[in-house]
Amino acid sequence: MERLSHFDEEGRSRMVDVSDKSETKRVAIAKGEVKVAPGTLALIKEHKLAKGDVLEVARVAGIMGVKRTPDLIPMCHPLLISGIDLKFNIRDAESIIEIVAIVKITGKTGVEMEALTAVAVAGLTIYDMCKAVDKGIEIGEIKLLKKSGGKSGIYLSDE
Amino acid sequence: MERLSHFDEEGRSRMVDVSDKSETKRVAIAKGEVKVAPGTLALIKEHKLAKGDVLEVARVAGIMGVKRTPDLIPMCHPLLISGIDLKFNIRDAESIIEIVAIVKITGKTGVEMEALTAVAVAGLTIYDMCKAVDKGIEIGEIKLLKKSGGKSGIYLSDE
Amino acid sequence: MERLSHFDEEGRSRMVDVSDKSETKRVAIAKGEVKVAPGTLALIKEHKLAKGDVLEVARVAGIMGVKRTPDLIPMCHPLLISGIDLKFNIRDAESIIEIVAIVKITGKTGVEMEALTAVAVAGLTIYDMCKAVDKGIEIGEIKLLKKSGGKSGIYLSDE
Amino acid sequence: MERLSHFDEEGRSRMVDVSDKSETKRVAIAKGEVKVAPGTLALIKEHKLAKGDVLEVARVAGIMGVKRTPDLIPMCHPLLISGIDLKFNIRDAESIIEIVAIVKITGKTGVEMEALTAVAVAGLTIYDMCKAVDKGIEIGEIKLLKKSGGKSGIYLSDE
Amino acid sequence: MERLSHFDEEGRSRMVDVSDKSETKRVAIAKGEVKVAPGTLALIKEHKLAKGDVLEVARVAGIMGVKRTPDLIPMCHPLLISGIDLKFNIRDAESIIEIVAIVKITGKTGVEMEALTAVAVAGLTIYDMCKAVDKGIEIGEIKLLKKSGGKSGIYLSDE
Amino acid sequence: MERLSHFDEEGRSRMVDVSDKSETKRVAIAKGEVKVAPGTLALIKEHKLAKGDVLEVARVAGIMGVKRTPDLIPMCHPLLISGIDLKFNIRDAESIIEIVAIVKITGKTGVEMEALTAVAVAGLTIYDMCKAVDKGIEIGEIKLLKKSGGKSGIYLSDE
C-alpha cells in the first residue's frame, strides 16, 4: 500500500532523506488563475501602458517567493534553483490573468513546490495590488502542468 | 475615476502611507480549497487517526505563513497580528479539503492578505505532503469571505 | 481544569487571540549555561584579549535571534521589542559561560520566548565557534529567571 | 562626553531601550547614487520603454528591503513602517541614477536606517541587473537628506 | 597550539573557507531535554490523544528551524540538507521530554549545528506551548550524540 | 547588440537559467567606504580598545548579510557560499573606514553581489551604531575590486 512519504513508519512527519537520489536536470511548470472584475482588468492593463505595472510587481514577488519556498513549506528541502520564468496571459473574455511559472534545477528533488509557490505568491500580489478597488477577486486552478527529470519521469497534466 | 492605491500619481509602485488611519479592531476570514484524489483523502484521514497528521503540519505552516506575509507580498505593511485560527473542513463527496483562516488585529490596515496567505501556504503544504502519491492535486477558490473593521466597513462575499 | 492556551476547544493549534489584552510595560529575564572544556574557555578568554571575541559574536547573534523569534516559534506573536541586553558571566571554576538575556517591550504579550531564544541562539553560536576544538560542549539550564508586566504579575524563579 | 548609544556603560553592544520614548510621526529621506557606463544607462532607458524595467525591479526590491532592515542591522528595532516611496532621477550628463527613499512611521524610533537600507538594496539590485554588461558600476553618496519627528527635531543635510 | 577556526590569523571573525573540502555523506545526531511539571506532561499526553499535539507542532518547528540555521548562527555555511528526523521520548518518571534530531547531508561541512538548532527550536516551542500553565520549564542537556562523515571521522559522545 | 541578461527576449524580468554553466571555483572582492566625522572615528577606535567594538558588530552583520543576498536581490540565485572574509582599514587622515569583503564559492555563478551586499550591510551597521553622535555619515565607493572564476575570466578594477 502507498504511504505518504513525508511520514516515517511510525507516522511522524519528517523531511524525507534524499541523500541517495542522483542529481538530474529537473523542470517544473505550474499555473494558476486570478479572476478579477472586468473594470479591474482594465485598470491593470492601462497601468501597464503607463509607468506602473501590477504584473511586473507580481512577477518580482513570484520570483522572490520561489526562494522562500523551504521557509514556507515545512518538509521542503533547500534547493539551488538555477532558473525561473514567470509569465502572465490575460484572457480578456473571462477577465482572468493566467500565471505560468517555469522553475529549473540540477538537483536531487523536483521543483514542483517552487513553481506552485511562485504562482501562489504572484497571485496573492495581484490580489493585494487590486484589492482596494475589487474585493471579489478569486485565485484558483493552481496546479502542476508538467514535470520532468528524476526517477518518476515526465508528468503532464490533462490540461 | 478609481486608481490602484499602490501606485502614486505618476504610476510608481509604493507602500501606501497609512500614517493617518486610525487603529481599529479588524478581522478577515479567507477560504480556499484543495481538491485531491479520493484515495489521497483516505490516506490523509487514516494518518490523522494514527500519529502523523497532514492537516496539523499544514495548520502550523499556514499560521507561520501569516507572519511571513510582509516578506512575500511587496506592498504589504508589517503588522502586529493578534490572533490566527486555521480550520479544515473535509468535504468527502467532492474529495475536497476546505481551508478557512481567521486573522485578527488591532491596527491601521486590514488583514485580508494575511488570511489569504495562510490559506495559500496551508494549501501548498497539503500539496507537498501528498504529491508523492497524487500529482493531480489542485488548489483553488482562494478568496475573502468576510472582512470587518476599518473605514470601508464590513465586506461579506456572496458565498 | 487547565487547558493549554495554544489549542482551541477542539484541540487545534492556533495563535491565541490577544486583541483584548492591554498594553503594559513588560520585562523578561532568561538564562542558560554553556559548559565547555577548560582549555576551550582559556582560548575564548585569550581571544577576548586579542581582536577576536567569541562572546561578542554570540552577543550579536543572540540579539538578532530575538527578532527572529516569531519566525521560529510557530504560535509566537510578532512583537515590537523595545530593548535587549545580553550578558555573559564566566564561571571559571565550573568552566561555564552563563548567558543572561533581558528583553523589554510595551505590548500585549510577554517576552519570555524572546529572552529564551536570545539565550539559545547565543549558546548555539558559542558552540559553533568552539566546536572545532571541543566536541563535548553542552548547553543547558535554559530557563526564565524573572518576568514582570501583564495580568499574571511578577514571576521569579527559585534560582 | 558622548557615548555610542548602542553600547552600555561597560562597552557591550545591545539594542537600546526605547520603552520610554513617545510615539511620534517620523519621516526619513535618504539618497544614493549609482554610477553606470553611458551605454548601460541607455540600455536601462530603452528597456523602460519596452516591457522590462530595471528600475521597477529595483523599486520593488528597495521597498521589500525596508521590511528586512531589523533582520540585517543587528541593533535596529523592529518597526511598523507606515509608508514607503522610492524614486529614481536619471542624471544623463553624469550617467548617474539617483535613488531617493522616503519612509514614514508613527513610532518610538526614527526610520533613517530603513530609508538608507531601501537605497542600498535598490542600488545593489540595479547593479545586479546590469552587471553582465557593465563591471565598473559604483554605488555611492548614500546618506540621510532629512529626518523629522522625535526628540532630536528636524535634521537637514547640507545638500 | 589550537586556534578557533572561525577567527583568522589576526583574530577577526570570518566564515571559514571550505572550498577545498570534499563532499562526503555526513550525519549528525543531537539531543536535548525539556523538564516540565508532571501535570504539564499529563496535559501534553492527553492532548496527543485528542486532536491537538504539542509535540507535533514542536516537530514541525524543529524541522523548519534546521533550515534557518545559517540565518541564526553567524559563521554557519548555507547547506543543502538532505534529510531530517526529529523524535521525542517521554521519560515519565523524570517528567522529561527528550528530543533527538538526526540531520543528513552530502556536503563539505558537518551538520552538528543544524541538529543542535533543531533540538533548541523544538524545545523552545514545547516551552512556548506550555508556558501558560508551567513557568518553571527548563531546557537542558543540548549536546551532540554522534557525528560521522568528513575528515575528522566519527564522534560519539559518552552518553 | 547587448541585452541585459535578467530580461528575456520579450523584456520580462526573470532569474537567468544557469543550468548549463559549469561549477568552478570563484572569488569576488568588493569594497566600500564609510566617511564619518573625525570625532566619531575616535569614539569607534576608543571603543575598540575597550570591550565594545563597532567594527566587530559590523563584521558579523556583513557576514550574515552575505547569506541574505538572494532574499534581498530579486534575480540572484541561492548559492552555497564556501567562505567569507570582511576587513576594515581605517584611513585616519580622511576619517574613512574602508570595508573589503572577500567571498568564495565553488558554483555556477559569481559572487559579486554577495561581496557587495556584505560591504553594504557592514556599512549600514557602522552607520546605525554611530548615528546618535553623527548624522552626516556617508557610505560610498561601493564597487567590485576583483572577480575570478567562470567563463568571463578575471576582472580587475582600475583601483
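First chain written, first letter: the chains are A, B, C, D, E and F, and each begins at residue 1.
Definition applied: a residue touches a chain if its C-beta (ideal position, glycine included) is under 8 Å from a C-beta of that chain, and two chains touch if they have at least 3 such contacts.
Since the model is a prediction, treat every value here as computed from it, not as a measurement.
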{"item": "Chain labels contacting chain D and also chain F", "value": "A, C"}
{"item": "Interface with more contacting C-beta pairs, comparing E-F to C-E", "value": "C-E"}
{"item": "Most distant chain from chain B by Cα centroid", "value": "F"}
{"item": "Centroid spacing, where centroids are CA-atom means, of chain B and chain C in whole angstrom", "value": "31"}
{"item": "Centroid distance [mean C-alpha coordinates] between chain B and chain A, Å", "value": "16"}
{"item": "Shared-contact residues (touching 2 or more other chains) in chain C", "value": "12-13, 53, 56-57, 60-61, 64, 68, 71, 74-75, 78-80"}
{"item": "Set of all touching chain pairs, with the criterion as stated earlier", "value": "A-B, A-D, A-E, A-F, B-C, B-D, B-E, C-D, C-E, C-F, D-F, E-F"}
{"item": "List of chain A residues in touch with chain B within their complex", "value": "2-7, 10-13, 32, 39, 43-44, 47, 50-54, 57, 60-61, 64-65, 68, 71-76, 112-113, 116-117, 120-121, 123-125, 127-133, 135-144, 147, 155, 157"}
{"item": "Chain F - residues contacting chain C, complex", "value": "51, 53, 56-57, 60-61, 64"}
{"item": "Residues of chain C touching chain D in the complex", "value": "25, 56, 59-60, 63-64, 66-68, 78-87, 104-106"}
{"item": "Chain D residues within the chain C interface of the complex", "value": "8, 12-19, 70-71, 74-75, 77-80, 107-108"}
